[in-house]
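One structure coming up, written as C-alpha cells, with questions to follow.
Chains: A, B, C and D, in written order; residue numbering restarts at 1 for each.
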C-alpha cells in the first residue's frame, strides 16, 4: 500500500448560489497516508467544499475524481459505497438507536441485501463484526447499549467517526471533528487520526490551530471561497499572505 | 317443612308458566329498526321521517297492526361505506322484524342488498334511487317516498305542455341528480322539447357561478334542476343574484324548495317545482295530519314527515293482514300491493315493484310555501326498469 | 420484540381465534371489520411508524383493492381467491408504485398533500366515470372461494381467513422490521442524511416501502369488499385516509401493536358512544364523546395507547431507562 | 364561448379565487406561519357562518347593531375563543410530533360539529345580505353581478394586503416568523413565545371565523359545511408554499381559474382537475410556488 497515491482530487471546483460565488476554482488533492487540513475563517467555503466532494450537491464547474474515476455526476450514496466517508459539523447520528446499532446500521451500508427480509439484522455477522471493532476502536465499548442521544457531546463526535469507519472507507472527510471537545477528548481523537492516517486519505476541516499543525501533512488556507495557499504546515505558518489574511500579526 | 318447600316451588312454576303464556298471548313487541341519518347534512330529514312515523304510531294508540312497537335506532351518517355494518347491527344483532330507512341513496342500496338476502321487511321512507324498486326489487322491499324518475318525468310533461322548446339542465353528478334529469329528459323530449345543454358538477361542490354564466350564454327558454339541502339554498340564491331569474324561468324537482324556503327567502318566490306533496292540498286527511304534526312537534310537516308517516301506514296495513305475524311474507306483500294508502299527499297504491303510484303535483312558491297549482301528472307509475319480481 | 410484548400479541391473537365460539353472527361480522381495518392500519404503520412517510391517501389503495375484487369477479361463477387476491393486491401496489415514484420527490407536508392529491384523483375517477359504477357503487354477487374448503360467503370462514391474513401481515411486518430492510427504513425515519452519507440510496427504499404498504392496503380493501359484497366511492374518500391515520396515532406510532390496538380502540370507542343502552337519546351526539376521548388521549397519552403500561410503570417505579429499539 | 362570456367567466374565476383565499387565510396563519396542522380550520369557518346566522338577531336586539356590528361581535368572540383554545389544547403540543396535532384537531372537528348540532340544530339556514350591499350591477345583456360578491373580494384583498404587511414589514411579523422557524432560539432571545403563539392562534381563528361570517350570505349555512372547505384550504396553503401569503393568494386564484374553466370546458373531469394541478405544481416545485412570507 504505497503512501502518496492520490485517492481523491477536485479540479477547479466552482460553486455559485445565484450571484454569490461560494467556491472559486478550488483545487484539492488527498493522498493515502496523509492528513490534508483545510483552514479558513467562517464563510470561507470549507463546508461547501466538503459537501461538493462528498456529493451532497453538484459543483457549478469543475470535476471530482475518486480512486481515479470521475465521480462528479455521482450522488452521495454511490460515492459513499465507492469508499468515501464523511462526518458533519452538527453531529448526524441515530439518537434513538443504541451506540452499537448506530455502528451496525452504518456497517450494513456496504452489503445491504434488502431482499433478505427473513434474516434478522441483529445476527448478520458481517455488520455486527464491523460494529464491534469500530465501537472498540473509538473507546465506546462500555456505552455500547446506551441510546446514542444520551451520550456527551464529545462521545457523540467519536460515535460519528466510528460510524464513518464502519463503512470501510478509503477517504475520510471530517468537518470540525474536534469542535466542542475537552482537552483529554481532543488528545484521544488526534491519536485516532494519527492511527487512521496510514490506511486512509483524510481531509480535516478544523479551527483548532494547535491540533491542525500537530497532525496535518499539508494545509490549505481558504478565504472567501478561493485557496490563497497550499503547503506544508511550516511553510504555511511563515507565509506572509496567510498571516496577513488569517493569523493576524502574531505568528 | 318439606311440604312448604313443595308448595312454594309449585307456585313459582305456575307463576312462570302464566307469565310466558301471557307473554305469548299479547305477542312480543314488534322490533322496528330505524336506520336514519341523525348526524351530518341530512340530519334534519332523518328527524322529520322519525317524527312522521311516530305520529302514526301515537294515532293508532301505541300499536301498529295490533302489535306494540320497540324501536332500535342506528345513525347511518349517510355514509355508504358503513352501511352494511349498520344494517347487520339491526338484522343480525338486534334481529329486528322490520327495517325503516334511509335518506342517502348509496346507503339505501346497501340496505336493499342485506334485506334481499335476509328477507327482513324493508320500507324505504326517502332514498329515491330507481334501482331500489328496479334492479334490486324484492317481495319484502317497499318504498313510501318516490323514485327519482317520477318528479323529473312529471316536470318534463308540464314544461312540454307549456310549449317550452329549449331547456338546459343542471345538477350534481350523483345518482339522484342523474336519474331525475333522465326522467325529465324522457318526458320533455317525448313532448317535443329538446334539452340543449346538460350541465353537472361534482357532488358536493356548490360553486355555481361558472355554470350560471354558461347557462346565460346558451340562452335556453328555461332551466330544469335538481339540488337538495344546502346546495338547493345556495343555487336558488345564486340563480337570482346572477339576474337569471327574471330572464330564464327556473323549474326543478320539489327538493329544490322543500324545507329550504325560509333560508332562500324572496329569491325562491314564483319558482315552479314538481313533487308528490304540496302545501295547501286541503284534503281532510292532509289537514288533520298537519294539525296533529304541528301539535305534536311544534313545527310544520314537510314531504319527509309525510313519507315517514306513510311508511308506518304501509307497515300497519301489512301487519293487519297477517295479524302481527311478520314471518308470513307473501301475505304481507299481497295485502300491501292490494291496499290503497290514505296518505296526506292523497290516496296512492304501490306498483308491482312496490313503488308508490301517485299524483305528482305542480307547485309554485308563494309566501314561503310551495302552493299547489295543479296536478303535473296523474297516478304516475315508475317503469321499474330491470325489476324481475 | 421483548418478551412481555410478544406475550401480549400472542394473547390477542388467541382471544381473536376463540372469539367466534362465544359470539353470535353479528359479533363475528363486527370483529371481522375491525380486523380488516387492523390490516389497513398495519399497512400505514409500515409507512408512518417505520419509515416516517406520512401518507394521507392510503384509502386510494384500499379502494382500488376493493374495486378490483368486485370488477374482476363475474356474476355467474365464484372466482377463486388463488388468482383474485394477488391480482387485487398487485393492482393496489401498482398504483402505489406510480404514486410513490412521483410523490417521493417531495418532503414533509408537501408529501402529505401530494399523496392526498393522487388519492382524490382516484376517488373522482371512480365517483364520476362509469368505470366505477357511479356514486351508488357496485354489488359483488358471488363471493370468491378457494377450491372447496374456503367459501368466503360464510361469516365464520371469512372471519378465519381475515384472522389468518392479519396474523400473516403482522408476522411478516414484525420480521421485516427486524431485517436489514426494516432497519434501513428505521434509519431513514430517524436521520435520512446520515443514511445517505453511509451509502444507502434512500429513494428506492422509500419507494419499496410505499409500494409494499399499498399492496397490504389493497389486501385490506379486498377483504372489505368481500365482507360487505358492496363497494362505493366513499371507500376511497379522504375521510377514510384520515380515520386510519387517527387509528395508528391513537394506538401509538412506531409499534406494530399500536396499529392493532388503535384499530380496535377506534371502533370500540365509536360503538360505546353510539350505544343507546348507555347514552339513551344522547347517543345521537356520539361524535362529542368520541372527539373528547380522542382529545383526552392526546393530552394523557403522548406515546399513544401502546405507551400506557410503560407510563403507568414509570409513574409507579420512578423513571425507567428508555433504550433499545422500539418495536 | 364568445368574448363577453369569456370575460364573465374570468370574473367568476377571480371572485372564486379571492373567496378561496379569504376562507383559507386563517389557515395560512395557523398552519402556514405557525406550522400547526389545524384540521379544525373547517370547523372555525363553519362556526363563523353559524355565528352570522345566530348572532344577527341577538346583536340587533341588544344594541340594534346591523351587519358590521355582528361581524365585530363575532370577531371579538372568536379572538377570546382562539385564545382559550390555544391555551387549553395547543400550548403543550408544539414540542410534540406534528401527528399529535393532527389527532388533537381531528378530535376538535368532532366536538365542534356536535356542539353546533346541540346549540343551533341541524336545519339549513340563509343569511340576509345587508340592504345597502344587496344591489346588483348589469353584466352582459342577460346577467347581473351581485355587489356583495365585490364586497367579499374587497375584504379579501384588504386582508391579504394586511397580513402581508404585518408579516413582512413589522417587528411582530418578524418575531412570529422567527418563532415558527426556531421556537427555542426565539425563546432564548427573551421573547415570550408562549404569549406570541397564543395571540397568533387567536388571530388565525378570528380570520377564519370572519371569513365564515362574510361568506355566509353567499355560501348559506348548513351542517357539515366546514368539511367541504377543509381540503381545498390545505391545497391553497401548500401549493402557494407553506408560510407564504403571496403564494396562498396566487394559489387561490389559480384554483379559481382551473375550477371555473374546468367545469365549463371539461365537465366530467371537473373534480379531478384541481388535484392534477396540485400534483403537477408540487412535482415541479417540491416546496410550493413561493418561499416563506
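Keep in mind that, in the parts below, contacts are C-beta pairs under 8 Å (C-beta built on N, C-alpha and C of every residue); 3 or more make two chains touch, one makes a residue touch a chain.
What you are looking at is a predicted structure, and each value in this text was computed from that prediction instead of being measured.
Taking the mean of each chain's C-alpha atoms as its centre, the chain lying closest to the overall protein C-alpha centroid is C. Between the Cα centres of chain A and chain C there is a gap of 43 Å.
We define each chain's centre as the mean of its Cα atoms; on that basis chain A and chain D are separated by 49 Å. Centres computed as Cα averages put chain A at a distance of 75 Å from chain B.
Look at where the CA atoms of chain C average out and do the same for chain D: the two points lie 32 Å apart.
Touching two or more other chains at once are residues 113-114, 117, 268, 270-271 of chain D.
The residues of chain C that reach two or more other chains are 124, 127-128, 285, 287, listed in rising order.
Counting partner chains per residue, chain B has residues 39, 173, 202 touching two or more of them. In this structure, the chains touch in the following pairs: A-C, B-C, B-D, C-D. Remark: chain C residues 24-27, 29-30, 33, 124, 127-128, 134-137, 139, 227-230, 232, 234-235, 239-240, 274, 276, 283-287 touch chain B in the complex. Listing the residues of chain B that touch chain D in their complex gives 39-41, 43-44, 47, 173, 199-202, 204-207, 209-214, 216-217, 219, 229-230, 233-234, 237-238, 241-244, 247-248, 259-260, 262-265.
On the side of chain D, the complex with chain B involves touching residues 1-2, 5, 8-9, 12-13, 15-16, 113-114, 117, 121-126, 128, 136, 138-140, 142-146, 148-149, 218-225, 228, 259-261, 263-264, 267-268, 270-271.
Those residues of chain C whose C-beta lies close enough to touch chain A in the complex are 172, 175-176, 178-184, 186-187, 190-191, 193-202, 205, 208, 322-326. Contacts from chain C toward chain D in the complex involve residues 48, 54, 102-103, 105-107, 109-110, 113-114, 116-118, 120-121, 124-125, 127-129, 238, 242, 245-246, 249-250, 253, 285, 287-288, 290-295, 297-299, 302.
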